[in-house]
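What follows is chain A paired twice: with chain B in the first complex and chain C in the second.
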Partner chain A sequence: MSGHSNYPEWIYVAVVIALMAWVGAEAWEAERLVEHIPEGAEVIKVTAQQWFWTFEHEDGTKEIGELHVEVGKAYKFEIRSKDVIHSFNIHDYVVLMDAVPGRVNTVWFAPDAVGIHDIQCREYCGLIHYNMRGTLYVEDPSS
Partner chain B sequence: MKGIVGLLLILAVLVMIPALDLAFAAGQEPGEYVDRRVIIWNLFFRMMTVAFTVGAVVAGTMIWLVWRFRESHPKAKPTAYEGTDW
Partner chain C sequence: MVLELQKPRPIWQIMFSTHHTDIGLLYLISSLAFLFLGGSLALAIRIELFLPNIEGTGQIIADSMTFNRIFTVHGTTLIFLFIIPFASAVGNYFVPIMVRYKDMAYPKLNAIAFWMIPPAAVLVWLGFADFTWYAQPPYSIISAPGPAADMWIFGLKILGVSSVLGAINFVITILKCKHPDMSIGQVPLLAWSFLATSVIIIVAIPTFAAALLMLLTDRLGVSGFFNPAMGGDPIAYSHLFWFTFHPEVYVLVIPAIGMMYEIIPRFSRKPIYSYNSGVFAFVMLSLVAFSSWGHHMFATGMSFTEKTVFMVGTLAAVPASAMHVFNFIATMWNGRIKFATPMMWAVGGIALFFAAGAGGVVNTAMPLDFSTHDSYWVVGHFHLFVMGTIAFGSIGMVYYMFPYVTGRMYNETAGKVHFFLSFVGTILVFFTQHVLGLYGMPRRVFDYPPIPEWIAMNQIASVGAMIIGVSMAIFLVNMIYSSGKGQLANTEDPFGLGGKYYYPFEAKNPHH
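And now, the complex of A and B:
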């Protein structure tokens, strides 16, 4: 049509592009902060299998179904699976990472308060998935 | 029109630069002790604010369009292809 102005449409396109760029940048920055592991983080090997969790500390100490960590310290989880796909979740600390056979996935966290928290499998992994739980004990270094 | 497109292109690039800067600045340097909960929930709340604001603007624009360009609007004008006998 003659005399039709599409100026507002260009403004609309620009606003959408700007918003998408901003949303992307925000998400990217959050991902960068969350994924970068602090120096000196202790590595804990997490092994998932039907239907329990095994944890191995750097000093070789192993724990089954429960994990003891120190408050204020950073921990890097190296998550493996021995059978099917599981998902390692500490709900209270927003830690969530799949355990995939043949892969080592990593996620880190630094508990900031003494307490007891649930660990659970978040990927349906068979009959007793619902009870594939563990307990996280965040303790004072002196105790 | 070329001028507008150029201007918008420049504005888009200006918005993109900080995003790319942040992304490429993220090398292998050790991270900080951050609280995942705070970062993840903050991101969620900000994204929800954007989503609801954009939703309100889009919905509002559509409501206004339907209201303004209805046939019975006092300022409605027939378009060329609708004819003029009404």
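And now, the complex of A and C:
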């Protein structure tokens, strides 16, 4: 085209590519660590259905809409759905995984402080999607 | 030139015309009508979310079903009945002139493609489906009430066929009908954007067309492609859907970038910094458009490898988008810029495009996606594209085309007020929604618990939406009033830029 030189654009594109490569590498490394489920994590079966959550602990106790866990322990959620797609979300611990009927998806977390957190559905699932909520109680077993 | 209000013709002569500017006018008017219709649904959503529902107060919309229907039709309308037909309007006006041909390659096909839109719009609006524009099974199969859902499916089917017909027409017009003296490397970037977009449409849309048929037969109970109760897999639908609709994001955004390429050099009174890099970035974008659909599905239980592949595929779109931004800034650099209304919209659109793209990088970085996915962050993110980039580019183009279409000038002050209010409103709504997403508010909710931060940010967003609403009312009045009573435009050079960079207004194809 015209006589001007394009080298600033090449430098700019190179910088953008380098930045993206850095973002990608960091994300890859972080996700690799995040996805590594620690051995001995206690399994909690999560069942989603329109429009509530059911939790089943390893010892067979069931809870509806509430989940009690112990601080400092690792938990692995096995997430199922009975009807449509939901998404199991504890936003404070960045736990997010879709409940897909016909599949079992897993995600894990290890609560590090005593507290009460919201559980919610993050995937549109119909009429009461907005109120498909639950509560997570992180408790200290010694107290 | 159309100039309907100066030399009126009976309306059926325009409706049954196959001339490219007549069809462009039909596209233009209908798409803007749907911009206002879809936008008013957005206002209804924002009014409902202004306050959480506490013991009967703060609730405006009767029930969540109505609310769900409203946001479904809002999305469907603005994507399929505003953005895509608006791009076709611009393409119809400019592409034949830019490639120096007398009309589109297939004028009758062009008319058919337009006339498929009204019945589809009627189906979508009379049905008022509730399963979001994504129609995710198994909800859309086992739970969504008919006949609304079926009407939506048929409506989208018709719109898909209409887009493919339009796309074929653009590809043939640009590649086969351009003037023999003109090489493909001389076709203006706006026409290039239509070439890139049309190729994406032709490759991507058939997948969704197939998915829609499968969805319909699933709803009828004769098949179980996506129904787990019959051995199907709902995630297969997600793949088919996003294989069409991630590229579709580029279908929406590339013409808007092309419109900015039309506006910015003219109002900077400089040639484009690098035509070649613009073409290269368009081609790159249309290729990488197909490498990133899986990033919509990171939370469906994808394996680490799949996620990595789609993350890399998504990040690959960033350099090409960044080249456009560079090109715009380098074009404006040292230019004698005239900040008339179209230029303001284009420059505002570039700023918001940059912000939208930066947010997109966060979404695709795998661990961060689990913070933002399906939250209001995503709503803010893609609205910065569809509103901040695409609607800004498109509205800039409306002002730019206005003298070309009507032979009159719009009111410049009202145009600038429209821009400032919309720009402030867009930032208030969509930047706030990003933060709201980080606080964990899910999208597509009729109501939310009274968490103080959520209430505050929802209210900021609702106020922003009202500001946009006011600005759009000014826009509507300006368009209607000025097309009848505006000052006559100097069609040689309506914006007073000097005629050197200003050819489309001089060109005119005779009616046939």
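The working rule: the second predicted complex is superposed on the first by the 121 of 143 C-alpha atoms of A that agree within 3 Å, B and C clash if a C-alpha of one lies under 4 Å from a C-alpha of the other, contacts with A are read in each partner's own complex, and residues count from 1 in each chain.
Throughout what follows, a contact is a pair of C-beta atoms (placed from the backbone, for glycine too) under 8 Å apart; a residue touches a chain by one contact, two chains touch by 3 or more.
Keep in mind that what you see is a predicted model, and the values were worked out from it rather than measured.
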{"item": "Chain B versus chain C as contact partner of A:112, first or second or both or neither", "value": "first"}
{"item": "Touching partner for A:101 - first (chain B), second (chain C), both, neither", "value": "second"}
{"item": "Partner touching more residues of chain A, whether chain B or chain C", "value": "C"}
{"item": "Touched partner set for A:17, first chain B, second chain C, both or neither", "value": "both"}
{"item": "First, second, both or neither for A:28, with chain B first and chain C second", "value": "both"}
{"item": "First, second, both or neither for A:123, with chain B first and chain C second", "value": "second"}
{"item": "First (chain B), second (chain C), both or neither touched by A:83", "value": "second"}
{"item": "Touching partner for A:8 - first (chain B), second (chain C), both, neither", "value": "second"}
{"item": "Contact residues common to both interfaces of chain A (with chain B and with chain C)", "value": "1, 13, 17, 21, 23-24, 26-28, 30, 32, 34-35, 94-95"}
{"item": "Residues on chain B engaged by chain A in the complex (per definition of touch)", "value": "4-5, 8, 11-12, 15-16, 18-19, 22-23, 26, 29-37, 39-43, 46-47, 50, 54, 80"}
{"item": "Residues on chain A engaged by chain B in the complex (per definition of touch)", "value": "1, 7, 10, 13-14, 17-19, 21-30, 32-39, 74, 93-95, 108-110, 112"}
{"item": "Residues of chain A defined as touching chain C within the complex", "value": "1-2, 4, 6, 8-9, 12-13, 16-17, 20-21, 23-24, 26-28, 30-32, 34-35, 50, 83-85, 87, 89, 91-92, 94-98, 100-103, 105-106, 118, 120-131, 133"}
{"item": "Touching residues on chain C, where the partner in the complex is chain A", "value": "64-65, 68, 130-132, 134, 136, 138-139, 142-144, 228-229, 232-235, 271, 273-277, 299-301, 304, 307-308, 311-312, 315-316, 318-319, 322-323, 326-327, 330, 361, 364-368, 370-371, 373-375, 439-440, 442-449"}
